[in-house]
Amino acid sequence: SAEQVAFDEKIDADRKVEPQDWMPEAYRKTLVRQISQHAHSEIIGMQPEGNWISRAPSLKRKAILLAKVQDEGGHGLYLYSAAETLGVSRDQLLDGLHTGKAKYSSIFNYPTLTWADVGVIGWLVDGAAIMNQIPICRCSYGPYARAMIRICKEESFHQRQGFESLMTQMRGTQAQRDMVQDAVNRWWWPVLAMFGPPDKDSPNSATSMRWGIKRISNDDLRQKFVDATIPQAEILGVTVPDPDLKFNEATGHWEYGAIDWDDFWAVVNGNGPCNKERLATRVKAHEQGQWVRDAALAHARKQKARQMKEAA
Amino acid sequence: SAEQVAFDEKIDADRKVEPQDWMPEAYRKTLVRQISQHAHSEIIGMQPEGNWISRAPSLKRKAILLAKVQDEGGHGLYLYSAAETLGVSRDQLLDGLHTGKAKYSSIFNYPTLTWADVGVIGWLVDGAAIMNQIPICRCSYGPYARAMIRICKEESFHQRQGFESLMTQMRGTQAQRDMVQDAVNRWWWPVLAMFGPPDKDSPNSATSMRWGIKRISNDDLRQKFVDATIPQAEILGVTVPDPDLKFNEATGHWEYGAIDWDDFWAVVNGNGPCNKERLATRVKAHEQGQWVRDAALAHARKQKARQMKEAA
Amino acid sequence: MKAPVEYLLHLADNALILGQRNAEWTGHGPVLEEDIALANISLDLIGQARLLYQHAASILGNGATEDTLAYFRDSHEFRNHTLVELPHHGPLAGTAIADRDYATTIARNFLYSAFMLLLWEALQSSKDEQLAAIAAKSLKETRYHLRHARDWVIRLGDGTAESQRRMQAAFEHLLPYTQEFWTASPHEEQAVRDGTGVDTASIREAWEAEVDETLREATLVRPDAKGYVPRGKVGLHSEHLSYVLAEMQSLARQHPGATW
Amino acid sequence: MKAPVEYLLHLADNALILGQRNAEWTGHGPVLEEDIALANISLDLIGQARLLYQHAASILGNGATEDTLAYFRDSHEFRNHTLVELPHHGPLAGTAIADRDYATTIARNFLYSAFMLLLWEALQSSKDEQLAAIAAKSLKETRYHLRHARDWVIRLGDGTAESQRRMQAAFEHLLPYTQEFWTASPHEEQAVRDGTGVDTASIREAWEAEVDETLREATLVRPDAKGYVPRGKVGLHSEHLSYVLAEMQSLARQHPGATW
């Protein structure tokens, strides 16, 4: 169709698709799935870090962590709004999450066992997320790209804070250093898996690339992340739990060992340490908030009725 | 009536009234009120001490405290059973508690703010309770008297444990000693009020005395308690918060200052620091246990039906 | 001129403990916007607490810092109003558990911020210049907190039958705790005498009017504030504070002397 | 011959943490007799923990006592099964709050005591004589715990529709955690090798039979024990343990070095 041609031209010219523009149904669906999955990840992601707000070991760190988790809620809001421009309501999106139909990033199905996990999530998880997200700032769909620009800025800030927090802990007592190393050991492999399955097992990627939704392949992003992170680990004074890790002078890249994809898929498919807890917590908050949302609606209706009466 | 004469003779001869014996309705009612009030006190009394089980500072103290609170539950059971011999069911008794009609000892409307409170409750509250209860071991109503004998034995044990625990704390750090003194300061006056209003304001006492339910007057018990306790305080190395306290060489008694009866009545009438919390906690436990009790009944009925079917 | 340290701690502890309580909603709010709003309020409160602790610590010297004051004092040393330490549900013993109730959270935030708005306003003319500056900053934040809480009191009071029942119950539970606003602790009396503090009697009328007006608009019946008068600000707390502190201080106390 | 310290700590931590959890019902049970029964079970468990810690402490030396082991280790040093640290409700994050559910408590006590009955039985012939003696004592107590839990599983399973729904949900939540019973940690392997410990594979069949038989009698459907295999006994716990410890250890850590 003419619309399809116009759309393809826009994509080829690297111009933005906007909500009022015509778009192929599959493009719309892919975007809704990806944006909502991203939004859900922000919301579920509030839980593992939220787990340490009440116990943050200094007031400064408490404030930083609370602000960070609040930012994640804010990212969730932008992203739900971006998804809404594609014609789905927030209720529909939440329903997808609560019924288990929609996914969220599997990384949040791991528990935060110590305070050091907060720093490591900032450094590694946010670091990986940024690697994944920076290309999306150039995504073909305007509202998504603009939301991502804002989100990436804030995430970089979080990542620096996480690194700085770990740096302080590594300069501290032996117990603190041990805690950081232990956290790195637990998070390293799940973080590498965040970039998704190897390119050879990632069949949907090609279409997304074509549509300008995805810009760089999983394996390329993963390599970029490892190359950026290992020198940081050295600065911190921690090691990553990979006996096969070595620097290849010829390629200039860090080569890493085999990722346990069975474990990754187990977690994706619901069998991680916290999948049930994360989802049930979200569902409970939603259900227990029902009376509050109902009341807000009822009050708004009453107000409107009163205003109309006054106007009449 | 002849029954009344026989009852009076029994009382005068200091023989026991038993469940199957005739008794005046007012005697029965007074006993039900007093025994159930006592039972409720044991049950509500589980809350303030139970507040420190999870945080007891050593495993030995955790076990001692848990056993003590368990004993209180046991006392509640004996006493509900004693009350049931007078023709009221446990459900009726609990209903009286939950609706606020029945009273319990006002002392349990104070919070336990530190670990030292646990020791002070053992030493002072249980000490005062024993003073109150020992005469009841000679009470005219058999089942009540027998329950009290058992309870008094266990309470004396608790009192010694409380004192011993405080002794250990007083031999410890300055922070521990301060904690004990602070607890004594908070509990002293409420404990003195446990013996009830002064004799001149205690109109029901005469009848209870006549019936052999009460044996010693409030003021006499209170004096006995103060005389026994002040030397113990000296051994511990704590003071009681009474600037007017002095030993009267002539009478051989410790004279104590004026009790704030307004405060006492405020707490009795529902305005203590924890009245609402104590009662609401009990009601919530009862309500949330409903499905368990229902299930136990339903299962028992099913079992019985099956047995009858087998027998048939 | 410096305010009495205990007076500063009273103000700081109020902010910290209520900040800690409000942060408990993070990830569990009734709607995402409220998660964010409560985290925001909590952040402001923790920020106020930090400034006040820093000021108190500089007066105390001897190695005191905002963190030694927040993490290494025991419950009887805390000077906050009992109101701010209560859990987000009706009256229950410290060992009981119950779902969080948003009406309780909102009612408390309303009662407290209506009070603090007036207090910060007056404290802007404290003879302790640093406290006056903190008051000016906090006043702006508290305006937003009060607006947020007030809007929700009205929305929930004049919402559904269920929400009205809950808001009414929350005020019946909490209003008696506000009696502590009007009692004078020794450190408050001292602060009033030396011109660094505010006599709360001077702001009572305005507070009562705000409560009356808001509850009226929310179609709620204003309950009596009677019964036990709490004494948290002289260190006599409810059973709940020591649980809040056990959790809040656990990590800091596990690593005494560590830097974070 | 002494068992590996980590093996003793594993047994002790199981008993302590489950004792701590069961004690949370004190004053909140569904009927007074159950308050008493759970306190009793909790007392037995704490008693078992004390004997095991004392034994471990005597091997460790260096000033270790039952209390340094219980109160001054951090969560990653605890060696208990994840099962025993979970709160008394369905799956929820550590920061969530929910009413205690008696079905969850009963299902856990059943699964754990059915396992420990067999383990204590076998441990009576441990080459560590002290451990064998503790096993003999604990075995008697565990018989009672199992009977109590088993009776209630049947009563609640075969009770009302509501109680059956709750018991079924509790087993669906908890059964996957029992997978940890059958994985071998390094300290267990070592204990098996040196004859002080028991290979849990040897008791599995009897445990499965007990579970099958009880659930059948309770008219419950036995759920699959699949999915994530917990690793609490090597120190990788759920988010819940650190909250349990924060509360349990708070007072002891507030007064380091004090005697109680």
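Quick notes
In order of appearance the chains are A, B, C and D, and numbering begins at 1 in each one.
The working rule: a contact is a pair of C-beta atoms (placed from the backbone, for glycine too) under 8 Å apart; a residue touches a chain by one contact, two chains touch by 3 or more.
Please read these numbers as outputs of a predicted model, since none were measured by experiment.
Mean C-alpha position of subunit B lies 34 Å from that of subunit D.
Put simply, the C-alpha centre of subunit A and that of subunit B have 58 angstrom between them.
Of all residues in subunit A, those touching 2 or more other chains are 47, 50, 53-55, 281, 284-285, listed in ascending order.
Shared contact sites, meaning residues of subunit D that touch two or more other chains, fall at 24, 26-28, 74, 93, 95-96, 98-100, 242, 246-247, 250-251. Taken as a graph of touching chains, this assembly fits none of the simple shapes: it is neither a line, a ring, a star nor a complete graph.
In summary, the structure contains touching chain pairs A-C, A-D, B-C, B-D, C-D. Across the complex, subunit A meets subunit D through its residues 47, 50-51, 53-55, 111-114, 182, 186, 266, 270-278, 280-281, 284-285.
Residues 24, 26-28, 74, 93, 95-100, 242-243, 245-247, 249-251, 253-254 of subunit C are the ones that touch subunit D when the two sit in their complex. Within the complex formed with subunit C, the subunit A residues making contact are 43, 46-47, 50, 53-63, 66-67, 69-70, 73-74, 76-77, 80, 115, 165, 168-169, 171-173, 175-176, 281, 284-285, 288-296, 298-299, 302. Interface of subunit C with subunit B (complex): residues 74-76, 90-96, 98, 173, 226-228, 230, 236-239, 242, 246. Taken in their complex, subunit D has these residues touching subunit B: 16, 20, 23-24, 26-36, 39-40, 42-43, 46-47, 49-50, 53, 66-67, 70-71, 99-100, 102, 154-156, 158-160, 162-163, 166, 247-248, 250-252, 255, 257-260.
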